[in-house]
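Look at the two complexes coming up: chain A is in both, with chain B in one and chain C in the other.
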Partner chain A sequence: MLTLSQISRFYGDTVALDGVDFVVPEDTYMSLLGASGSGKTTLLRLIAGFEEPNHGEISINSKRIDGQAPHLRDIGFVFQNFALFPHLSVAENVAFGLRYRAENPLSNNSEILDRTQEALKLVGLDGFGHRGVGAISGGQRQRVALARTLVCEPRIVLLDEPLGALDANLRARMCDELRAIRERLGVSFLHVTGSETEALTMGDEVAVLANGRITQSDAPDTLFSQPRTAEAARHMNAWNTFDGGLCGDALSNQEIAVRFDQMEVCAPGTAPQDHLSLKAQYLTGEFNGPTALSFFRASDGSLLQIIDHLSQPRLPDLIEGQDYDLHFSSNALRQFHGAA
Partner chain B sequence: MSAISTDPRATSAQTAESPALIRERKDRRRALGLLTPGLIWMALFMVLPMVMVIYVSFWTQTTFAVNSDLTTASWERFLSSSTYLTAIWTTLRIWLIVLVSTIVVGYPVALFIGLFVRNKTLQTALLVACVIPFWTSFLIRVIAWRPMLGTEGAINTILLKLGVISEPLTFLLFSEFSVLVGMTQIYCVFMVGPITFMLGRIDISVIEAARDLGASFGTVFRRIILPLSLPGVMVGSIFVSVMVLGEFATAASLSGRKVNLLGNIIVSQVGSLKWAFAAVAGVVLTIIITAVIALALRLVDLRKEM
Partner chain C sequence: MQSGILRPALATYTALFLLFLYGPMIVLAILSFQSIDGGPQFPIRDWSTYWYQHLLGLAESSRVSQLPVGESLVRSILLAFMTTVVSTILGVMSAEAFRTKFKGSGPAFYLIILGMMVPGVLVGLGMALLSNTLGIGRAWWSTSFVLHVVYTYPFAFLIMLAIFNRFDRTVEEASFSLGVPPAQTFRRVTFPIIFPGVLSAMLFSFTLSYDEFARTLFTAGRDLTLPLSIYGTFSVEIYPNIFAFGVLTTLFSFTLLVIYGLLMKRFTAKASRFSGQEDAA
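Moving on to the complex of A and B:
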């Protein structure tokens, strides 16, 4: 179990992490979701030991690891750009850790060969060992990076946007494979990403990093349907967050959130009595295939989105520039006290 | 039928050339244009003189004149004289020692600038600082070693004052040692530059990945950093080799005439108007330099690294 308590990291006056409390349980696929620049990579680098926190403690199974040299931490790190050794072959890349690690390196060549083969087989690269790392595709490089890390059997594997450099098709396939590989090995993965879809798909648990803190860490469906903070809701890319005062005085000075699919549109003044409503101007629509997004601007300037599914159209015909009433049931509402 | 064919492709091909062809021809003309000045320069000032030198080396040398009757006398004299064969050996020995010492002194400097300084501005500033000695003339840089290494020079004075030695060290100046020191100082920067650039190109995450896989810094250096920087070492070695093998000035001013390099022989033979003999030494030197570069290029495939 990896535990971070009150981890802070500053760069001059810039605060990257501000008191992060975070736990990655054993045998878990943990996604860490954060916008770019939110400090996700910094967090991983602190865990791996490439940088040290200014405050706080990092421990594995209650043994403190911050302050230890990175090569003694026994933590796997899969880099976003893969960081393969360009002068070594695929097999030599994978064998590097076994052969050259400071603590109990293997010297028996046939054992190294066996374990290298096994690792390559695990990631589906059987028979690629002799190739140069420049002579394989992006997806294969990703697998080599993974095999190279997994062969050392680290206590936890950190993946820094591992799918970012892959094309969409490959990304979907690697998603499934990463989960399958992790389940076979039983080691915890901490997967950092900026894509909420990826985080929700991959994670047994998803943590949201915002403003230098973990704002919520929950099972994907809980996080998606019941975000506890406005930040968490915004990161799901499925919630409109806005000032409650727009819907009347009862909710004023509170930040509230309503999911894109739980808002309805009607002509001004025709909203049902039992629904909360606000006035907004229709800006434009965006057709994405199975879904269509409509964009509205509320009177205080905040942007609201409503999603319509092709199979169940529920929006009236909208005219750009006209005002409409947006309404929603009070059940659909989430209120965040003091989070605004 | 075919004679009255109205196939539009056929007619357009006859009347006007395809744009692709025109563009290709234009590109080729531009490439030739770019190449021509260099080719003319090389032909006039390198290939032609080289052929001339080889030709002159077979001329007949008398005490005060040289004429174009072909003979191998100069070659025979050169290859049978122990003085000149010793000069070849001295040249090779000094070259090897200077090469090794520029690597030993230059590599750590390059390692520091290229790998530990990650700020590009600071990196450039440090590299420029390495070149500052070159703002003064070559001769001054060499002669500046005399007050440093002489019997009453800075080093001897300091060592005497500290009581480390009781009488001045005489091997410091006007010896092979002073030539080696002078050459290492002058040519070190040509080693530092290429290695720094090569090290600067190493992706820092590659080094972090090696650390993460459990390798200590020493292992990372041996298995990752050193192999990846070798092309830089090789380019630096070629620079240093070419310059050291043709050297004469450092030896002339710091060795007290005790060290005779092939370069010094050429200078003195030209000075006494022995053109044929100087040409022989020149050809021998060129052959040695060519062999050294060929060997270096064989060791590291630069095409792959560029």
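Moving on to the complex of A and C:
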């Protein structure tokens, strides 16, 4: 179990991380979701030991690891750019850790060969060992990076946007494979990403990093349907967060959130009595294939989105620039205390 | 754009420029094939390889004494080799240090660079005075050697700095994360990747030291290096054997360059990148 308590990291006056408390349990696929610049890569680098926190403690199984040299931490790291050793072949890349690590290096060539083969087989690269790392594709490099890390059997594997450099098709496939590989090995993965879809798909648990803190850490469905903070809701990219005062005085001074798919549109003044409603101007629509997004601007300037599924259209015909009432049932509402 | 005229014009200009650049060397090469009774100028009386034979001591006795370059050539090569080793090691180590900002890195940087900026005559003279004051004898392998290192080390340092500037630090971090300690990481990852840069640093150090004149002039003491002894022969009378020698040393330099090129090619070909992305099967 990896535990971070009160981890802070500054760069001059810039605060990257501000008291992060975070736990990655054993045998878990943990996704860490954060916008770019939220400090998620910094967090991984602190855990790996490439940088040290200004405050706080990092421990694995209650033993502190902060302050320890990175090569003694026994933590695997898969880089966004893969960081393969360009002068070595695929097999030499994978065997590298086994051969040259400080603790318990292997010198028996046939054992190294066996374990390298095994690792390559695990990631589906059987027979690629002799290739140069310049002569394989992006997806294959990703697998080599993974095999190289896994073959050393680290206590936890950190993945820094591991799918970021792959195209969309490949990404979807690697998602499934990463999960499958992790389940087979039983080691915890901490997967950092900026994509909510990726985080929700991959994670047994998803943590949201915002404003230098972990704002919520939960199972994907819980996080998606019941975000506890406005930041968490915003990161799901499925919630409109706005000032409750727009719907009447009862909710004023609260930030509230309603999911894109739980808002309805009607002509001004025709909203059902039992629904909460607000006035907004229709800006434009965006067709995404199976879904369509409609954008509205509320009177205080906040942007609201409503999603419509092609198979079950529920929105009236909308005219750009016209005002409409947006309404939703009070069950759909999530309230966060404190002003927006 | 008027590229119809511009391109041939630029091409001609470049060709002329290169000709101008190598003109002196070409003249020298032609004159080295002067016949036995010809002088160090045109016209060529007759084509021969006499002066090459003379240079190598293969010619029959001659009115011209043999060029006294044998020992100084060995000295120069030895000195250049020593300088190369020391400067390159220092250059790599200090460039490695400059990868992270440290206190006083600014002044340290300029102090290192100063070694290649200050006029050689001045440093040479200064070194001569200093060694006299301290009572240290001057010799090509001591005082000159120190100055050669002072002179070539900044070049090696700058080259390595440029190499490290483009160096992707994550491969080192990847190595650490595999449990490999820093020393092994340097040996197995960093060094092989920066090796082309190291070769360049070595080439620069070697050539700069090999034909260094001003600094050596004041500090070499009794035993001369090659540039000094060639210069010494000028004061007597010039014969085409010097040209023959010039051609041979140029060939030697070219050989070094070819070796450098081949090594470069070998080490960069391995790291050549496949840039596309295909389906991972």
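In the analysis below, the second predicted complex is superposed on the first by the 339 of 340 C-alpha atoms of A that agree within 3 Å, B and C clash if a C-alpha of one lies under 4 Å from a C-alpha of the other, contacts with A are read in each partner's own complex, and residues count from 1 in each chain.
One rule holds in what follows: a residue touches a chain if its C-beta (ideal position, glycine included) is under 8 Å from a C-beta of that chain, and two chains touch if they have at least 3 such contacts.
Computed from a predicted structure; not experimentally measured.
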| item | value |
| --- | --- |
| Combined model on chain A: chain C and chain B, fit or clash | clash |
| Superposition-derived comparison: chain B or chain C, residues of chain A touched | C |
| First, second, both or neither for A:P53, with chain B first and chain C second | neither |
| Touched partner set for A:C152, first chain B, second chain C, both or neither | both |
| Contacts of A:G76 with chain B and chain C, given as first, second, both or neither | both |
| Touched partner set for A:G139, first chain B, second chain C, both or neither | second |
| Partner chain in contact with A:G97 - chain B first, chain C second, else both or neither | both |
| Chain B versus chain C as contact partner of A:F85, first or second or both or neither | both |
| Partner chain in contact with A:L170 - chain B first, chain C second, else both or neither | second |
| Common interface positions of chain A, toward chain B and toward chain C | 48, 50, 69-72, 74-77, 79, 81, 83-87, 96-97, 100-103, 145, 148-149, 152 |
| Chain B to chain A touching residues, read off their complex | 203, 205-206, 208-216, 219, 223-224, 227-228 |
| Contact footprint of chain A on chain C as seen in their complex | 168, 170-171, 173-182, 184-185, 188-189, 192-193, 267, 270-274, 276-280 |
| In the complex, chain A residues that touch chain B | 48, 50, 69-72, 74-77, 79, 81, 83-87, 96-97, 100-103, 105, 145, 148-149, 152 |
| Residues of chain A that touch chain C when the two form their complex | 48-50, 69-72, 74-77, 79, 81, 83-87, 96-97, 100-103, 124, 132, 134-140, 142-143, 145, 148-149, 152, 154, 166-167, 169-170, 173-174 |
